[in-house]
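Two complexes follow with chain A in common, the first pairing it with chain B and the second with chain C.
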Partner chain A sequence: MTRKVKKQVETIVFSMPALILVCMMMYIPFVMSGYYSLTEWNGISKEAKFIGLQNFKTIFLESSDFVQSLWFTMKYTLVFVIASNVLAIALAVVLTKKFRFANFFRGVFFIPYIMSMTIVGFIWKFIFTSGFEKLYEITGMGVWNLSWLGDTTLVFYSVAFVGVWQSLGFYIVLYIAGLQAIPQDVLEAAIVDGANGRQKFFKVTLPLLGPSFTTCIFMSLTNGLKVFDIILALTKGGPGTATNSVTMQIYKEAFTNNHYGTGSAQSIVYFLFVLIVTQLVLKAFSKKEVDL
Partner chain B sequence: MSMKKKRKLGRIVMLICLTVIAGIYIYPVYLMFMNSFKPFGEIIADVLAFPIKPDLSNYTYVIDKMKYLKLFRNNLIITLIGIAGIVLFASLAAYILDRRRGKYSTIAYTLIITPMLIPFQTIMITLLKAMNIIHLSGSKIGLGIQYWGFGIPMATFIFYNFMKTVPRELDESAEIDGASTLRTYVSIIFPVLKSVTFTVIVLDVMWIWNDFLLPLLMVNSNNETKTLVLAAYTFVGQMNTKWNYALTAMVLAVVPSIIVFIFLQKYIVDGVVAGAVKG
Partner chain C sequence: MKRKLISVLLCSAMVISMLAGCGKETQESAEPAAAEQEQAEESKTQETEATETEQAASDEPCEIYMFISSPEYADAINELIDAYKEVAPNVTINYETTQNDYPTLLKAKLNSGDVPDIFSSTSGKEIDVYKEYSYDLTGQPLQETIQDSVADSMKSPSEGTGLYGIAIKGNYFGIVYNKAIFEECGITEFPATLADMEKACETIAAAGYQPFTTGFNEWWVHKHIWQHFLDAAAENAGMDVAELVAKFEKGEAKVADYPELYNNYFGFIDLAIKYGDDKPLETALDGELSAFGTGKAAMVLGQGAWIEADSLAIDPELQIGFNGYPVSDDASQCQVISGSDQSLHVYNDSEVLQQTLDFVNWWYTSDYGQAWFNDVAGVVPPVKTSQTSNFAIINQGDELSASAGAAPLAICYSTDSWHQTFGEIIQEYVSTGDKDAACAKIEAQWKEIEGAQ
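== the complex of A and B ==
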């Protein structure tokens, strides 16, 4: 064996485990999803019946559940992205100031992020029911007596709120890292030029935060589009279909209703939906970044 | 008021505001902990009050009923298997694909990292079928192995970007000295990757330890194979109205992460930031 061939073989051997594993867990199931989306299949029987594009017709025309879940996911993602980024920037600006216990406070905001999202959902279920009841007893304020998980309009905000609460700490630390990377002399130059606090923030800090901003927007976007655990623990998609996210819809269609074919079709549409949304947003943001 | 005094006052006001916000922010977690030391009647009577006589009877009951120690071990096994495979295979692939540039390497690298774009829920239905066929479902080891496939794309991406910054002289000189490629990887490259390996471990431990959907699909049918979060989920479902037991189960599910976090806060936060910036 020549040296060159040996090297080529080595390259293949070393990279093969990663390639095979990724194929097994990701590509093969993905291709199977594509195939089963064209079939009627209950998940148990060996044979799946080929029915062409019928499933796609079903999910878009015959039932409104899927389209509704797409809408919910879009709305949820929009609120989630905006709320978590605005709040995270605000808190990050405060937390980068030098003061005692700064690290302690960062830790406090980060704690929900290290907890399982399912448990976070349960904690808030407890607060929304038992906790709020007691707060109403004490304060007599109407806010605490509203049905935050039972009302079809309010429940949207409850779910979004819990989603933001869980992951805010993550975005805060990313923005803190971004803020610390801004060179001090640029900020000093702005002060020398007579910029006030607000101008300094909006004209200098914010534009220079560009890369962190893009990262956080992208991360919050993909996390928003994937929301599942929190909703399962808090509302199971209810009441009715008020908090039915796409992921929840796919899960129910396949594993509760045993419509694996329709579920696969929804998966494929969901994949394309995520791909298009993330690419569009990423393009829009990468253009706006400011380089130093 | 002088400028200096004004600034000091502003700082104190800010600190007070921050304390209030942080207090409210973490209050639900505090309530969960505190109420887990109360009997059922006390929770119903007053959620906000401190336990009259804090006791551990909820804990002895739940630890026994959930088989907590077994669950803890299951989580540990699954996470360890997952991490070991991800770190080994991803770093190996990243190393060789960066050092032997060429058509094959480009294609292989692209194939490995592209699945980062595939959301898990897109493939979960058929994954279950595929894993049934090759008998990786229903067992702890099988679940650990599955994490390899899901973790490798991102980990390879992170390792590869770091490899690009490792000077080639390092491994070339080892090869001139007669070290084999594998040998070079083990004794030269892998130690150099230390910081980035740490990032990958932090990200993946947090993910695998707390993961819910994949274990729900793969190991939920058997009590022997359940993970911590999964068992807590089932338990809370059964104890729907018995908040004293439900809250205790929730505390037990999150307390390992919180303890680790308290001790390793700086490292965990650094790892998470590095992972997000590179990933």
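== the complex of A and C ==
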């Protein structure tokens, strides 16, 4: 009995610090923004005016920016999830092979992930403008002379590329861990059964990577949906509204347009959207996992 | 067991220290209240003694918290603060500034109750936004010395009265150009009409220079160019620019109805793209400065008096010229714009209100304070003073506004919330060239952002 009580006390005491912090930083602000989403408030004046569900109506019926930014974010997330996972698996497979500089290359790919997104953004901003200009002077190739951050269609690929480039190292590490956990005897058995390289990869390695795969998809999905810093540093959502992600849009609505209420409402809508999408994807993938 | 005990102890220590952290704030906020009471009591006793209450108040050591934007004047303001230290040794001014995201940081401070005693916003329309927190400076000694055009932009637009702020600087907006390049190309007079401007661009381009450097990457460059055309549109339609802005906010005006906007403004932007930087949307202020300072480009768009020092830092020999924008076929409408686009507010519930007022009054009325604008900060003085400036743009701006008149500062009738969106719309236009889509967006967004407030 005492042991049970002790255990309970222990649980409470141990989880208290985290719980308090999470409440202060996440749940209380969340509930508050739920309230603000029902008000008309500019973020400055001392009182907020209660207007019911008017803000939600504005989002869907009057303001076109939110829906547009939703499209951009979905497009970005799709490209981000596919590109980063495909590339990460490919590189992880190569990097688990035994060759001379394997560890060095693992480090090379991981370094961008350690850097802050903002710094990465500024570095790439410099490369896209001044770096490419110099390359064009040297090589004379037209690719370098394109306005990679100034053209409304090209800028999407620039942003997606930098996003993938930065976070690739993280997914590679997860996949390498997954690959190393695959028992050698299964692979040997496949070889004995006469499987060629491709069959070995698709029929044995990939299914056994299931848990890593689910984790990576989930992580890249949420990171793609939450994209903010890279865009802020690279383009600030521009040119025009070409790279306006939802997070960027919420920030702009609340803090530069001084519509704090509408901004809060947008964040609530987006929260529900992300919740549903991630749950669906997670369910779909965890069903496909294979156990040994 | 021992280990467990230690970890439990550590854990609870953490919780307690955290709770202590939370508790501190309430303590802190209670403290000043007590201090206020003390102060009130003290001042009461002093009043009964009936001796120079005001001076006694400023003798107590106190702190003024000043959180403003415009980091470019940080050094100058620090000098000002040092000078004030000699006048009022007991007053400590905590000066803080930021390069980025000032409005967001200010909002966070206002909402957490940590209101700065002096804070900044743009002038004009944003005065109303921050009015609840601003002290009305009407009747203060500085009202005597503040320039009329500056004082005008510190009124509350909704009431038409009041003096809710002061300015660090007056300002001049227009085209900054390189006189040497103009001379070399044989252009003796600044092209004051659109047709002349196009011809001038051809000549300059033929001479191997880049006629414009545009800085279209910055959102605020667009509002600076746009306001010249907006002024002309309002003038030709026979109304005040404030009325025109109000019409757009209500969704009653159409861009296409004003040829100065629909034809001239967009025509000018097209011209700037044609004769401007190779990658217009990737060129920001630094790109403009380097193109202008190195003598590559002849004219700088969307800037004003503030770029002179930085351009001269690149090439001290640069011969800087300054003029208005060619906005129509009427050369007399090519005017510079003067006024103050920034304002500093004094927090009306400040605990050190009297000391803060003393400081701003000293700034605007003392000899040192008045000379500071010219000698230290190098800006257009927002005060009435007879001193002449060392800066070419300011001197030419003075001359031009005396001879040809200055257009009103149209940007102060809108908030930067709208201007930021406006910048995005024009950036999109620069990249797609779809004028009607841009006009439709201007009409819709202007109403959406500004109409509700």
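To be clear about the criterion, the second predicted complex is superposed on the first by the 274 of 292 C-alpha atoms of A that agree within 3 Å, B and C clash if a C-alpha of one lies under 4 Å from a C-alpha of the other, contacts with A are read in each partner's own complex, and residues count from 1 in each chain.
What we mean here is this: a residue touches a chain if its C-beta (ideal position, glycine included) is under 8 Å from a C-beta of that chain, and two chains touch if they have at least 3 such contacts.
Please read these numbers as outputs of a predicted model, since none were measured by experiment.
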If touched residues of chain A are counted for chain B and for chain C, the larger one: B
Chain B versus chain C as contact partner of A:S147, first or second or both or neither: second
First (chain B), second (chain C), both or neither touched by A:T241: second
Chain B versus chain C as contact partner of A:M117, first or second or both or neither: first
Which superposed partner A:T139 touches (first chain B, second chain C, both, neither): neither
Contacts of A:G263 with chain B and chain C, given as first, second, both or neither: first
Partner chain(s) touched by A:I44 [first = chain B, second = chain C, both, neither]: second
First, second, both or neither for A:P17, with chain B first and chain C second: both
Partner chain(s) touched by A:S63 [first = chain B, second = chain C, both, neither]: second
Contacts of A:S286 with chain B and chain C, given as first, second, both or neither: neither
Doubly contacted chain A residues - partners chain C and chain B: 10, 14, 17, 21, 24, 43, 255
Footprint of chain C on chain A - complex, ascending: 10, 13-14, 16-17, 20-21, 24, 40, 42-46, 62-63, 128-129, 147, 149-152, 237-242, 252, 255-259
Residues of chain A touching chain B in the complex: 7-8, 10-12, 14-15, 17-19, 21-30, 32-33, 36, 43, 91, 94-95, 97, 99, 103, 105-112, 114-119, 122-124, 126-127, 130-131, 133-135, 138, 165, 170, 173-174, 177, 211, 215, 219, 222, 225-226, 228-229, 232-233, 246-247, 250-251, 254-255, 260, 263-264, 267-268, 270-271, 274-275, 278
Contacting residues of chain B [partner chain A, same complex]: 11, 14-15, 18, 21-22, 25-26, 28-29, 31-32, 35, 43-44, 46-48, 85, 89-90, 92-93, 95-97, 100, 102, 104-105, 108, 111-112, 115, 117-127, 129-130, 134, 146, 148-150, 152-153, 156, 181, 185, 206, 210, 212-213, 217, 229, 232-233, 236, 243, 246-247, 250, 253-254, 257-258, 261-262, 265-266, 268-269, 272-273, 276-277
In the complex with chain A, residue positions of chain C that touch it: 4, 8, 11-12, 14-15, 18-19, 22, 103-104, 107, 110-111, 129-130, 132-133, 217, 279-282, 415-417, 420-421, 424-425, 427-432, 448-449, 452-453
